[in-house]
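In the two assemblies presented below, chain A is common to both, partnered first by chain B and then by chain C.
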Partner chain A sequence: MFRAITRTQWKSSRGLVLLATILAFAIPIASFRTATDVRAQGGLFLGAIASWSVAYSVAAAGIGLSLAMIAWSPDHRGRHVYALTLPVARWRYVLMRLGAGALFIAAPVAALLVSAEVVAHSSSIPIGLQAFPIALTIRFTIAALVAYALFFAITAATARTAGIIITIIAVFCAATYLAAAADVHTTFFERTIEWIFATPGLLSVFTGRWMLIDA
Partner chain B sequence: MMFVVETHDLGYRAGSDFEIAQLNMHVPAGAVYGFLGPNGAGKTTTIRLLLGLLRPAKGAITVLGQPMPQASVSVLARTGYVPERPHLYPTLTVAEAIDLHAAFHARWDKPWASELVSRFDLPPARRISALSKGETGKLMMLLALAQRPELLVLDEPTDGLDPVVRRDVLEAVLDYVSAHSATVLISSHLVHELERICDWIGVMDQGRMIAELPMQEFKAGIKRIRVTAAPRDAGNAPFTLLARASLNGSGEEWLVRGWEPAMRAFFDTAGASVREVVDLDLEEGFVELLRSFRSPLPRT
Partner chain C sequence: MPEAARAFRGGQGGRWRVVVALGVALCFPRRAAVAQEQAAYAHRVDSLRAATDSVKAALARLNTPTLRSLVDTVRAGELVVATEPSLHALAAAAAHIASDSLAALVGGGTRRLAGTLFLRSAIRNGVSELEAGSAASSGRGTDLPLTADRFTVARAWIETATILLDGTITGDLRTWSGFVPIARWDDSKWTSIRYGMVTAPIFIVRQCIAGNIAACEQALGLTPTTDPLTQWYDEADRLQYARMTVRQLQVFAAASRNSASAFCPSSACDSSSRGTRDFALRTKLAYATRCVGGAATACDTLFRLRLNESSDAPLWQDVHQSLLREALTLGGPDAFDRLANSRGTVAERIAATAGVPLDSVVRAWRRTVLTTANGPTSVDTGTVVSSLVWALACGTLALRSSRWR
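Here is the complex of A and B:
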């Protein structure tokens, strides 16, 4: 059954998986290339590497989000009637869908690892610095899986529920921005953001420095 | 009598407008049970309740001897379902949809599925989104049949199909039923179609079951009777008077249920005479039954 679900899901996800794989392969090489150029022009190598941190977290979140949405889209289109009439327990079906999508994350993760290893074995790394391809790949994997699991749960709900959750997030973001713009000082937004993004917050894996090369 | 589907005082409410109330349904084993009712009567909702897609608010459901929705996994393994609207994944090809479905059904009959692909003339490599309505209908029927179900639940399976496809689909169902003694619950608007294939009927309206009986009994029992000098009071009649209407001064036309020839005596003793007894086909009987349910007082 799992194989059949995976095959079905692969059919709708394969384009995205291909794009994600290319993207994941490109980021480490592009970051190293940029840092090498910056260094040649007298700039800070590590500063250039650090500036790519956000690309890793955004890529991981984007891959997780897209795969989660695709995982449920065929069922949403058929109003879940097909899935609900299959002779399989609902929790088991959900786990199979979750597992199939999680499996596809392996492709961009592998591409990131290969690309990071290529950079790690480059002779152009400045003396005194070292590469952390495995650590970066593990972090990328965890981030992609967290994003995937989170959005999988949200998109599994009805469109109305998903809409409510997304609206709450959007309202929170807008309120934070407006409060900052209006110079209103409140600890509520800071504490909430810290609770979510600071260690051991749910999304803390996305924050901080994602350094392929560091001291 | 053994029942494959049985509900007891089933209740379900969807919003403030629609309610299924105290629904008692009995589908005998081996029967082809026609489930009739106008649009919005609650047929599809009832089918969804039977299959565990919806949870009832009240009452009990037993399908294939097991309680629903508690036993939905084992019941669905023995039940083939063709829903009202196509529900298959549109990005899959016909062959992929068959493979996916087969993976979930332990009793899947691969040779027969292949035979049905040829018989229905389905293109295995074509995407489901590119299939015609008729092809989609045939594919859904193939999926329901090749899992070798003991119960087939067909919700408007031929709705919108052309007569040729309709015939192919129904022939496949009847072949299967005769070979495997399966039970069929079929809901349809096409009353003539049901008349041809069903041996039991259940009529539903406004969320209630208003009649449930063998087809022959239904057809034989409902008659249109033309009477001269009709009695005013039909309270002690041995049949059920569903409706009565004047025939422009030349008597009355009565619509009765439970009619038998010996009941002419009722009119004779009342000083009336029966001019004609007209058989109704299923559609006429169905329409009149609905009419009498909605306006229970006899029309004069």
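Here is the complex of A and C:
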């Protein structure tokens, strides 16, 4: 049954997976190319590499989000009737959907690794700098998995629950903005953000240095 | 007509004479009045300043630690600390911590601090506080809360001590390094040195990174150089510098386009220096543009202009401090004393501090710069585990979703 679910899920996800794979392959090469050009123009090589850091984390988050939404799209379209007709427990069905989607993350991850390795073996890396293709790929994989699992859980919930979660996030963002605008001094927002983004927070993997080449 | 005109001019001249005479007559008392006002104002300012000074002096007398009143002394290793009887226990505990830390950092150098450190209670703006510091550093210590523990007090003493000990190092070495890095460096400082060095567009620094110790010594300014232009920089560096110069000067010229002078806006320089500076920058831009265009001689001239501005060795003071830090580490507990007592060139003093030849110090320093643990590029285990736990938690939450919508 897992194979069948994977096959149907693949049909709806393949376009996205292909796009994600191309994107993941392109980022390391594009960042290296830019950094080499910047260096030739008298700029800072590492600064250029660092400016691409955000592209990795955004790509990981985007891939996780898109795959999670596509994983549930056939069920949402069919109003979950197909799942009800299957002779399997709900949790097993969800587990298979979760596993199938997680499997597709392997393609962009592999593309990123190959591309990062290509860059790592380039002779144009300035002496004294090191490439971290494996470390970057591990970080990318974990970030994509966290984003996928998070959005999979949100999408698996009822529309009402998803609405509540999104409302909470929106209210938090608005409150942070208003507090800053009104010059209200409170540590609540800082602590909440730290709780989310600092280890062992939910999104801690997205922070830190996403550097393919570093000193 | 000429007569009429002359008559008119004469009439005008007469009228002007009257106007000028009236003006002088009117202005004189006014100027006198203004002068009187200014004198009164100056007198008021002076009297207020005198009153303020006397209040300041009284406050300073109140705030200055009178070590004579600190009747109790605490001895820990080489440290002798003056304090009040009520603070004896805290001072003793803190002194032991500070003594151990300072002994590890400067060894026998701690002797130079004997009898200068103090801990006392103080009242600042009506609030009771503790004050920890040294009588040798302007007699003013670090204000600490009454609840400060022994570690906080020890930290304040160590900070004061490092400033005092730093002041004992003089001569060319001081100019070369800026200050003496007595405290140990953490990995991030070494990483930042490596960042700067590996990205510096300087040929001799690249040679140093590649393992050429003589190049390192030259780049650090420890050995003389005959021709910096060719020994420090290669063709690619010169071209890169020219490109950067062109870009910077074009941006600068664009930013000050509205001013009378392209390179020297009125806010930046006065009229006398404007012309000189304008000419220098235009010359520089001309050479840089020709260099980018492929004229090698223009590159050389441009670089010689740069070296005329500053002929310092290409590595900067942070890097110099890192070498000194390495020498202090290599030299062990007595390294600081050797540094303070040493004489001679910078290279000789560094070798004396480390207790080994200069080559060995530079070799060890280069290794430390290149091998000190990398920054957080590699994701740490804590983040990996917590992220996987969160992913599992989210997955488990999804498994519990309802089949009924």
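As a convention for this text, the second predicted complex is superposed on the first by the 215 of 215 C-alpha atoms of A that agree within 3 Å, B and C clash if a C-alpha of one lies under 4 Å from a C-alpha of the other, contacts with A are read in each partner's own complex, and residues count from 1 in each chain.
Methods note: a contact is a pair of C-beta atoms (placed from the backbone, for glycine too) under 8 Å apart; a residue touches a chain by one contact, two chains touch by 3 or more.
If you're wondering where the values come from, they're calculated on a predicted model, not measured in any experiment.
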item	value
Combined model on chain A: chain C and chain B, fit or clash	fit
First (chain B), second (chain C), both or neither touched by A:4	first
Touched partner set for A:79, first chain B, second chain C, both or neither	both
Touched partner set for A:45, first chain B, second chain C, both or neither	second
Touching partner for A:185 - first (chain B), second (chain C), both, neither	neither
Comparison of chain B and chain C by chain A residues contacted	C
Touched partner set for A:87, first chain B, second chain C, both or neither	first
After superposition on chain A, the shortest CA separation from chain B to chain C (Å)	6
Doubly contacted chain A residues - partners chain C and chain B	79, 84
Sites on chain B touched by chain A in the complex	51-53, 73-77, 81, 83, 85-92, 96, 99-100, 102-105
Touching residues on chain A, where the partner in the complex is chain B	1, 3-5, 7-8, 11-12, 74, 77-79, 81-82, 84-89
Residues of chain A that touch chain C when the two form their complex	40-42, 44-46, 79-80, 83-84, 90-91, 94-95, 98, 126-130, 132, 135-136, 138-139, 142-143, 145-146, 148-150, 152-153, 156-158, 199-202, 204-205, 208-209, 211, 214-215
Residue ranges of chain C in contact with chain A within the complex	191, 194-195, 197-199, 201, 206, 209-210, 240-241, 243-244, 247, 370, 374-380, 382-392, 394-395, 397-403, 405
